[in-house]
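Note sheet for the following structure.
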Amino acid sequence: ADDTIKVGVLHSLSGTMAISETTLKDTVLMMVDDINKHGGLLGKKVEAVVVDPASNWPLFAEKARELLEKEKVAAVFGCWTSVSRKSVLPVFEQLNGLLFYPVQYEGEESSRNVFYTGAAPNQQAIPAVDYLMSKDGGEVKRWVLAGTDYVYPRTTNKILEAYLKSKGVKAEDIMINYTPFGHNDWQTIVADIKKFGAAGKKTAVVSTINGDANVPFYKELANQGIKADQIPVVAFSVGEEELAGIDTKNLVGHLAAWNYFQSVKAPENDAFIAQWKTFIKNPKRVTNDPMEATYIGFKMWTQAVQQAGTTNVDAVRQAMYGQKVKNLTGGTAVMNTNHHLSKPVLIGEIQANGQMQTVWKSKDVIKADAWSPYIPESAKLKADWTYPWVCGNCAEPKFKM
Amino acid sequence: MLDDKFEVQVDEPHGPGVPAAGSILYLDGVSVSFDGFKALNALSLILAPGELRTIVGPNGAGKTTMMDVITGKTRPDEGDVLFDEKVDLTRLDESEIANLGIGRKFQKPTVFEHLSVFENLELALKADRGAFATLMFWLSGEQRDTIDATMARIGLADKSRHLAGALSHGQKQWLEIGMLLMQDQRLLLLDEPVAGMTDSETEATAQLILDLARDGSRSLVVVEHDMEFVRALGAKVTVLHEGSVLAEGTLETIQADSKVIEVYLGR
Amino acid sequence: MRPSGVCPLKAFRLLLVLLALLAWAPAHADEFSDAVRALNADNFADKIAAAEALSALGDGRAAVILEALADGRLHAAGDGTIVMEQGGAYRDAITQAAASSADASPITVNNRLRGVLRGAVGRLGLFSPDPELRKRAAESVIASPTPESAAMVRRALETETLPEVKRMLSLALANLDLADADPERRKAAIQALRDSSDPMVRGQLQHMLETESDPEVKAAADKAVGAINSRLVWVSVGANIFQGLSLGSVLLLAAIGLAVTFGVMGVINMAHGEMIMLGAYTAFVVQEVFRATLPPEYVGLYLPVAVPVAFVVTFVIGVGLERTVIRFLYGRPLETMLATWGISLMLQQLVRSIFGASNREVANPAWMTGGIDLIGGFTLTYNRVIIIGFCLAVLLALAALLRWSSFGLHMRAVTQNRPMAAAMGIPTGRIDAATFGLGSGIAGMAGVALSQIGNVSPNLGQGYIVDSFMVVVFGGVGSLWGTLLGALSLGLVNKVLEPYAGAMLGKILVLVVIILFIQKRPRGLFALKGRSVES
Amino acid sequence: MLTVENINLYYGASHALRGVSLAAEPGRVTCVLGRNGVGKTSLMRAVMGLQGVKSGAIRWEGKDITAMSAHQRARAGIGFVPQGREIFARLTVKENLETGFAPLPRARRTIPDEIFELFPVLKSMLSRRGGDLSGGQQQQLAVARALVTRPRLLILDEPTEGIQPSIIKDIGRVIRLLADSKLTEWGAMAVLLVEQYFDFAKELADDFAVMDRGEVVLSGQAATMVEDDVRRYLTV
Amino acid sequence: MNAPSLSARLLAADDRRLWLGMAGCAIAFLVVVPMLNLAMPPDSALHMPNYMVTLLGKYLCYATLALAMDLVWGYCGVLSLGHGAFFALGGYAMGMFMMRSIGARGVYGNADLPDFMVFLNWKELPWYWMGFDHFWFAALMALAVPGALAFVFGWLAFRSRITGVYLSIITQAMTYALMLAFFRNEMGFGGNNGLTDFKDILGFPLAEPSTKLGLYMLSALVLGLAFLVARFVVTSKLGRIMMAVRDAESRVRFLGYSPTWVKLFGFTLSAMLAGLAGALYVPQVGIINPSEFSPANSIEIAIWVAVGGRGTLVGAVLGAFAVNGAKTWLTGAAPELWLFLLGALFIAVTLGLPKGLLGLWGQIRRKEKAHA
């Protein structure tokens, strides 16, 4: 009807990715619920249209099309894996839809129809490595880059490798290891890491291991007795939600780098956590970074809609640029013209209670690089959707000044 | 007389060079063992072209195993199996052997249960067996008549479109015999063709087999325990026991043989 | 290059320690409490300094406090008092008086501080009267050698009486001596270390090869590295075999239940993985009940309780499924695939609706955590050892049941020829239900075990189903020994290939091995031969 | 005493048994004759409970067993030797025999010695898989297996098929002995025998039933039966 | 062989209803749908929206795939749990063509290399990408690669007399191994993301509704053609031999036929049909990645066939439409419950309709007859 504004929720509720994505669906529902309680948007009720793309990439595209063409939603909040995003991208571009993508990812993309609210590699990976190289981080000299074999880890590791080498780390001090999705026998790899770390130089593991593979990985780490003060593991895909599935008693001190931790003390965060626990009716449920990204994305979208006075995609897009939302860690997130956010970077150590304790925080928010300066081909490109560039991947502006 | 015919072939010493000369089927020193149990023990047997031979012997004597060896289902541990004087059957697989002209009816009737009686016979029909040829195959009127005639002969004319799986035990036996007829092979191996048939059907089957043997273009090996049937065939009888030949001769001779009575016929 | 000299500040601190130790008298009370209070500093650098100062006091009480700090059990109250948590009770760290934890918040540590604390605790422990503590201290000195420990270790060696601790201390000392200025000492250290199989030692010696100037020492180091290397090769072979067996046991465990429902009954049971999953969730529920009702020290017992509970739960579910769905499908094995696929979808969603989509935490009980460090940095982890034992026990029990019990005989008879079995007086319905229940029950028990090494989520079963079918078929359908041998050999092959090919390629190669192997044995490893197969 | 009363049996739309009635008494051998496909096996399977009947009743020892499952009938003392042997192919000979223990109380779970006297070949093959036996050996095993249950009604569907002459004679003798309760372990047994081999049947039978096209067309005591009448139904 | 037999066979096929049905479907899919899409005003109730056309196009590809599956499973008795692999290979072939067509329009503007290669520092195009600039070559490969893989794999397996579950499992191993292999970025097929960002096909922009309609109609034609080919095969004597092989493979040998070649023919033909379906599928969904190789996908194909009715070509097509239609509908209408509903559907079909949905049709017809 005309008195509602529909938003699409495109997160897998079944299949392998349901583990992570279901929470984000609930987050959007909570936000929608909240805005309706506060009088809706432009005087209309917001209605969430939930579909289940079932961790099936072609189904993502099909459902995206359904949301845009059939349900005529004003915006879609969804996707987790990069491949699902790649799958829906042509649909959003063809139908001029709006996708809010809330997960940290490999970068190398800036679509007119997508707003990326998760971290780009320079907002997560590089600060984490910097920290480990610092005195507080243990002055790490030797690196294991372990990841699941797909684009996000590949890209991140490529960037990190270039970065480490630029900092004088020798090739023999970098070990790169890839494993299949859902890998669950980590005996050999953990033993190898142990061996690699026994060469007399301070060693750390940078983990871009994703999803299901993490629990067995950490269990094996704990059982083979790899302690955080010997060989710390810093992860980019392990947050509170993942830790809730792991007994963290023996993992205390291993690290994670994100833009948000539940443990951060800030009034916005306290309110958000309380709201979440009430909404989900479970006082034990945790919050995590992609939830914050979803929160920021949703808030920004509502602000932009209000500012534009319409849900028209082109108008909303214009209104998004420069849009500010108080993030949950006490700072302010800003949407840049490259469709990515400026965010703070936090590094935390895992605690026995499954929470992260912040051990380092960036002084200021960091602006996301859509295109990494550490990849030669990419370094030439720039994303800026405002005049005179108006482009997601250009070496020069579209319009001459 | 029959006896004369036997004499020519039985004890004729073969030259070492061409031991299988003049035979359609030649088994020499064939042994098969299963986990140490010798099912066939240096079995030797020669069949002349056009000959009809009955084989009897106690349960477990190795009759079916012998047919398995001839048709390529079981590989012998040792010994020669030659078809048509020179073709070494131990090197060929089942379909190649079938294409040489050896057909078989199994002890336990095996037909294609999800095909109709007609289709079972159609598949057996002598024709090019290649994959492409069968793809383009088109049943001629003549061939259809042959099938119809065979169906009539095996008493299943009214069951033409019935699935073979729905036939009774004895009907399946008949269908299998029908399939054997359709193939028009040079050597037919029949394992207990009248098991489960009534006496009159048994007689009919005997007649059918004699018809087949009459013109001398086919050779037949028939295994049966039914002595009436064996008598009706009136052919030379080989008695197998523990995997080798125990006795050979006319039915009368072997029926009088005390060893045969002891292990097989009983008193 | 290691600095060969010792900087003055550190030397001074060391002196203090030595003095304190010689006197072995509690240091000035105020000095001690000041140092303890200093631990609650604002930044990690100050905390580190405070910890070092505290340990330098050489006060016996310091060890306990530093240990508590490392474990995150040291709290600072609003008024600045430092309280220590021990087994749920709070005491004032300085006065040992009982204290409340009302407004106390834990003093945060980071890895760097943790490392310092560990070294400090180690050094302090060297002189403890408790031999266990001394042993642990020696271990920690080996693990994090600092040049300043050397003198201390030397001193400790003089008084040490326990041969084992003595041996460890000399190793630790040799380790430290590798950096000594005196080439003779270095050489002696190398001699002492050449019998070690510790990759850490090798690392140090290798490092020496690059930096050592004395040719004689260098040669000795070279020889020692060679000796250690050749020993480590064997260690890695042994480790490989263990890992292979362990992976094999996981595969086996996942597959045994399927060996019954599919191998014996012929049901293409796509819901097998979900039975494993249900078993794992049962473990979770049992654990939660234990956590809610029992004191912490007994919670670890949830595991042995969960095994039979999971068996019963999944047995009952299996029987229910058999009676309502599977039994209408005998003789139509391919249809069982369709129906059980449907069941599997429903069970996944059911669990998702009850427990949520995310992972659930199932903790290793303390007795299953960690492992024995064997030589060469190779750890025999307890959970894997226990799982190997468990799965062999399950397999043997099942084999005995199938082979010797009349239930086993009836089960085989029924699955081979249902109408005839009925005509023999065997209650086929009951046997079918019990058999499917048994297979499901075993899968459930496997789920409990697998919860100890992997995640517990609604997708758990999907991760095992392909492998399970692979193992059962590769081994030869219907043969338990085939399943055993299939699982172990696939595990071993995988682990032998992995170091060369990597996890990804290794797995691909294993699949290729299976495909090729089946060509040679079209009915699996343990194929039945003869006529009986065809009929 | 077994009585079959007016049963009708269908395979889908095809009417395989049409109002068949039959009786088999302890101490007597009742022989069912008929050409291929007339419904003999269907009748036996109906009695055993392996094939449901649409109407009619089957009574055994006074009880209506029409609704009973096959295994309950086995427990009620009915033993079955099916056509086509139906050996448990992957069980050993010994295990095949032991499946016959199912309806027995624990104390009686032994294999009677008479079985091995009758079928000596089985004794030497106890550990061979049933499916590996020759056809005739399997048939012997099938008979032996049914005897292990110590039935009071023994159903034999063409038990001599594929068996060597000497053993056929033995089987004939045993059937006689069983019916006459001359064997120690068994009381007087009712024997229901399907046979194509007329001479064998004639020698054994006390009662006859001849079937044609799903119906019993001739029945009565063997002594009063006219051989030519029977033969007429057996020829095509 | 003699040419008249072909047309004679196709026309003589006894079931008139079938031909009428086919004609009806052809009109519905090739005339009615495009008309409803193009000629009806968008706000009319009869308008067929673009997304529906795309959806139908996708189903048509699935239906072709199901048909291929039914040919080997329903008729030859070979339960291939790796058919998704052939589909995916066909899809990759077409994807490679479309990838090459992007040219310098990729994000890094490299005319010689696809984006993912640029970004992973590939210096030159690997040899196995050669030729994919040409449509005809890609189209040929979409048939030849699955066909060749099926032929080699089948030849090895059938020759060794691998049957039943053993065959199913090694086909599953095959697709699983391929999935892992295609995951590897070193393979040069874009790793986990696969091939994506396609712009156009043969100059027709993929984003255009008219291109989508064209692809849809092509899919319908291909399905019709595949149906005719499959029907020709199964009604031939070869078809009956296939069924005989399915029921009693060893017995077929004693009749002188070689099951190896019979099955190999069916398997290879089926793989090629699957490849064709994949090649049509990829431009319509806009992405191809290794998840298409996942064992679960292949199992699902078997499920479609079983739901529709195994061993009946129409059933396979019906099953593909029914299951996928249900999935589309339920994932939107009942996102939290759809697995329950779909699972229940599978169980209900197995228990209630042993011959699949098509069996239901048969049952209804029989009832009607009984009433008449």
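Note that the chains take the letters A, B, C, D and E in the order they are written out, and that residue 1 is the start of every chain.
Basically, contacts are C-beta pairs under 8 Å (C-beta built on N, C-alpha and C of every residue); 3 or more make two chains touch, one makes a residue touch a chain.
Per UniProt, the chains are B = Urea ABC transporter ATP-binding protein UrtD; C = Urea ABC transporter permease subunit UrtB; D = Urea ABC transporter ATP-binding subunit UrtE; E = Urea ABC transporter permease subunit UrtC.
Since we're looking at a predicted model, the values are computed, not measured.
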- [ ] Would you kindly count the fewest steps from subunit A to subunit D, each step being a jump to a chain that touches the current one?
- [x] 2
TODO: Report back the single chain whose CA centre is most distant from the CA centre of subunit D.
DONE: A
TODO: Please list the single chain whose C-alpha centre lies closest to the global protein C-alpha centre.
DONE: E
Task: subunit A and subunit E, separation of their C-alpha mean positions in angstrom - done: 36
TODO: Please work out the Cα centroid separation of subunit B and subunit C, and write it as a whole number of Å.
DONE: 66
- [ ] Measure off the straight-line distance from the CA centroid of subunit B to the CA centroid of subunit D, and report it in whole Å.
- [x] 30
Task: Multi-chain contact residues (two or more partners), subunit B - done: 34, 108
Task: Residues of subunit E whose C-beta touches two or more other chains - done: 180, 183-184, 250, 336, 339
Open item on the list: Going by the contact rule already set, what residues in subunit C reach two or more other chains?
Closed with: 348-349, 462, 504, 507, 530, 534-535
Open item on the list: Touching residues of subunit E toward subunit A in the complex: what are they?
Closed with: 49-51, 54-55, 58, 107-110, 116, 118-120, 180, 183-185, 191-194, 196-198, 206-207, 285-287, 289, 291, 327-328, 331-332, 335-336, 338-339
Task: For the subunit B and subunit D complex, residues of the former touching the latter - done: 34, 37, 57-61, 63-65, 107-108, 155, 166-171, 173-174, 192, 195-201, 204, 225-227, 263-267
Task: List of subunit E residues in touch with subunit C within their complex - done: 79, 156-157, 160-163, 165-166, 169-170, 172-174, 176-177, 180-181, 183-184, 250, 295-296, 299, 302-303, 306-307, 310, 336-337, 339-340, 342-347, 349-351, 354
- [ ] Within their complex, state which residues of subunit B touch subunit E.
- [x] 71, 73, 93-95, 98-99, 103-104, 106, 110-115, 119, 122-124, 129-139, 179, 183
Open item on the list: List the residues on subunit C that touch subunit A in their complex, please.
Closed with: 44, 72, 108-112, 114-115, 118, 143-144, 198-200, 202-204, 206-207, 239-240, 243, 246-247, 250, 348-349, 352, 356-364, 369-371, 373, 377-379, 381-384, 452-459, 462-463, 494-495, 498-499, 502-504, 507
